[in-house]
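Here is the structure we will look at, set down as structure tokens.
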Amino acid sequence: MARNKTYPDFDAAVADIPDGAVIAIGGFAGPGTPYNLIAALARRGAKRLTCIANTTGGAHKPRMPDIGMLVENGQVAKVICSFTAATRASDVLPFTKYYESGEVEAEIVPQGTLAERLRAAGAGIPAFYTPTAVGTELAEGRETREINGRRYLLEYALPVDFAFIRAARADAVGNLRFHRSQRNFNPLMAMAAKTTIVEVEEDILPAGAIDADDVHTMGLVVHRLIRVPPPPMGLWTRKREAAR
Amino acid sequence: MARNKTYPDFDAAVADIPDGAVIAIGGFAGPGTPYNLIAALARRGAKRLTCIANTTGGAHKPRMPDIGMLVENGQVAKVICSFTAATRASDVLPFTKYYESGEVEAEIVPQGTLAERLRAAGAGIPAFYTPTAVGTELAEGRETREINGRRYLLEYALPVDFAFIRAARADAVGNLRFHRSQRNFNPLMAMAAKTTIVEVEEDILPAGAIDADDVHTMGLVVHRLIRVPPPPMGLWTRKREAAR
Amino acid sequence: MSWTRMQMAERLVREFQDGWVVNLGVGMPTMIADVPMGDRDIIFHAENGVIGYGAVCAPGTEDLNLVNAGGQNVVLNPGASIVHHADSFALIRGGRMDVTVMGAYEVAANGDFANWKLKGAKGGGIGGAMDLAASAQRVFIMLEHRTRDGASRLLPRCSLPITAAGVVTLVVTDLGLFAPSGEGFALRDLAPGVTLEEVRAATACPIIA
Amino acid sequence: MSWTRMQMAERLVREFQDGWVVNLGVGMPTMIADVPMGDRDIIFHAENGVIGYGAVCAPGTEDLNLVNAGGQNVVLNPGASIVHHADSFALIRGGRMDVTVMGAYEVAANGDFANWKLKGAKGGGIGGAMDLAASAQRVFIMLEHRTRDGASRLLPRCSLPITAAGVVTLVVTDLGLFAPSGEGFALRDLAPGVTLEEVRAATACPIIA
């Protein structure tokens, strides 16, 4: 009596996300970004969210659904990410003005620390030490420790209520495959989350169609699957040029 | 000018292992155990070794090369593993009498903590907290910390000089694939080690023959490859019955 | 009359709920993968990173590179996946195991249990037991009610070094099914033909019936 | 005369040794993957888990799901592999990067550099820079020698919040190649047509030649 993990559409898959939820959103510079789920969350309208992602969204056009849009929509209380502004002074992120005005809180975290804090949450590790950011403004007033002659910063796990991720392929029990740099944060966020929601680029396969040795993210940590329909209903389904 | 990572035989691959080295040895109950490299290390005769593995070897016959054999050979100063004795009182591990007599030191570590300490070493994480072993004899006199109302034990990374691992498949740059439960500790030990030595069950493939999405252990952390020859020269090359 | 080991396994399996992820320890618990689950979808996880395995292989059909935590060659069910040891124990510590079933030398009324070190031994065998015991949602223990010498394995407090403190949810023995209740064990079920008096006589602490 | 950005990239590449694993930051450093490496085997690592990528794709040949750290569609070289973010930064913190090449706003004689936060800004953009700076074997910095206003970007101490302390190995600018030496910068190479006097005039701390 395997539970059916397939959802009919994006709205149904995010319908129970409450105000105040902690949402992790995969993706790095496009690949692996769950645009359709972000758009559904904007329609759902849940408020006071904490959003965890590498960035709040880019400065580029045409704009795709991003955390900046949820911020503009008044849904976000806090973001945790490795960029709160673009590195290039001339690029202005939509998010930045809300942060500077104090409307939205932000915690800026080095990218590797962000990845490791998510990984720790998924691995039942409540805290760890890292060399990253020692001696910088980010470490001011925080706990450090010398181990074998080097100084390290204490960092805490980052648990997640809902992970939004995008995968190339899934089977019915939720085993996932990512294509190329689509992988990025997605497997970590699935591990860190109580509920993982996946937009899938290909038709969902029967259980066993992905060999056990070829699974990138195990179905054990995947709860909801939605097949991305063709555009314009499904966002960012452009044909990939390179062979799988 | 890619370096050639292929070695002609097991003896050449372990010829530079010095006395006092820290050796991690993959495998769990047979699958993924680098029997040929262990046998080569016994021939090499390096002494005062620290050996890290899940077990020192089983009580079963016929006996395969294991840490117990290196201990009997007078090569081992210390073992770090999750078993120093069998759980069944009637099974007597060859290793146990050397430990009980004090000839060899042992550090017994819960299996998940062992895996995580190796992972931490490979990930540049010097220490982490874990719930495992809190309230047991293993935590006596050691540092614990309460985080969000639960008590955790501080554990340190376990860096490795040489990892001995066994894989099903490799390409020339050292990308690896494991078959089924052959994977176990092997990827972690490769990450944790300064030098990773791999016995490979199939002919070594040209670079690119393993798709980038299908690599289990990246060649970046793999240094030496040896093709396992047919028995009796190569140990445990019995045909696998199930399909790949 | 009392339960055989297979009957003990079957009795525990009745407690499993649809959709559970179940980790089976070495020894007696490995029998559980052979018990029919009816229409319940149960996923077996082995500490060596095998998720979704099934029964022990028929002779001659083994994949020698596929073993469960007890080193037995098993089959993979459709939808199985394989991960390395760090990810396998990430799932364990991350609370993804609905239950772990383990053997033990002793189990105590306060929920402690002991299964890694024998009396007077210098070393022991922990394996994944401490990780599983610390972080699984439930810990089910399978053990003979008495030692070969007739001493109770259900105790007020463990005499051996413990594996984890206060974690045991259910205990199945050849005599019955029990839940640690602090001062004693609450009786949840009796093996057929076994009387409450026999259980009380065999047990070194109160049985609450 | 001075070096163009491509010439700066080429000059840095001359420092690469056969077999190095090289991480390239966003901006100017991405050009390095397009510089011919001769008979040296160089492996490029991108923070998003791409190991062994090559040049930027010719238009129309892109795999839209394959980008480098700067979001450019690149090719994979034979032997490439893909890992997730935690493994990618495990390699970084684990010391597997022989060098990281990054852009910066400022670099200091004491080996500090700053590239994540502008003066007066509330937030910033760290990305993987702090992880890379803390743990790569070497940190090479590429930057224009002067700001648009003509102020030196090579300073005795950084005025902006730093990315990491005391880690910079080499600095290439349009004027030359330098190594932080504590009190100033040791001149390692001059761009063609640039004089030592010009470099000294453009730099806010001593140039040791």
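Here are some notes:
As written, the chain order gives the labels A, B, C and D, with residue 1 at the start of each chain.
In this text, contacts are C-beta pairs under 8 Å (C-beta built on N, C-alpha and C of every residue); 3 or more make two chains touch, one makes a residue touch a chain.
A quick note: this is a predicted structure, and the numbers were derived from the prediction, not measured.
Chains touching both chain B and chain D: A. Farthest from chain C, judged by the mean position of CA atoms in each chain, is D. The chain pair with more C-beta contacts between its two chains, of A-D and A-C, is A-D.
If you average the Cα atoms of chain C and of chain D, the two centres end up 55 Å apart.
Put simply, the C-alpha centre of chain A and that of chain B have 33 angstrom between them. Chain A and chain D have Cα centroids lying 28 Å from one another.
A straight line joining the Cα centres of chain A and chain C is 36 Å long. Shown for chain A are the residues in touch with two or more other chains, namely 116, 119, 123-125, 130-131, 178-180, 183, 212-213, 216. Taken residue by residue, chain D touches two or more other chains at 76, 82-83, 86, 89, 92-93, 135, whereas all remaining positions touch fewer.
Chain contacts in this assembly follow no simple pattern; the graph is neither a line, a ring, a star nor complete. Applying the touch criterion to all chain pairs gives A-B, A-C, A-D, B-C, B-D.
Interface residues of chain D facing chain B in the complex, by the touch rule stated above, are 18-19, 21, 39-41, 43, 45, 51-52, 76, 78-83, 86-87, 89-96, 135. Those residues of chain B that touch chain D in the complex are listed here as 1-3, 119, 121-125, 171-173, 175, 191, 206-208, 210, 212-213, 215, 218-221.
Across the complex, chain A is touched by residues 116, 120, 123-131, 145, 147-148, 150, 152, 156, 177-180, 183, 212-214, 216 of chain B. By the touch criterion stated above, chain B contacts chain C in their complex at residues 28-32, 54, 58, 82-89, 96, 99-100, 106, 108-113, 115-116, 118-119, 130-138, 168, 178-188, 216, 238, 240-242.
Listed in rising order, the residues of chain C touching chain B in the complex are 26-27, 46-50, 60-67, 70-71, 76, 82-86, 88-89, 92-93, 103, 115-118, 121-131, 134-135, 161-166.
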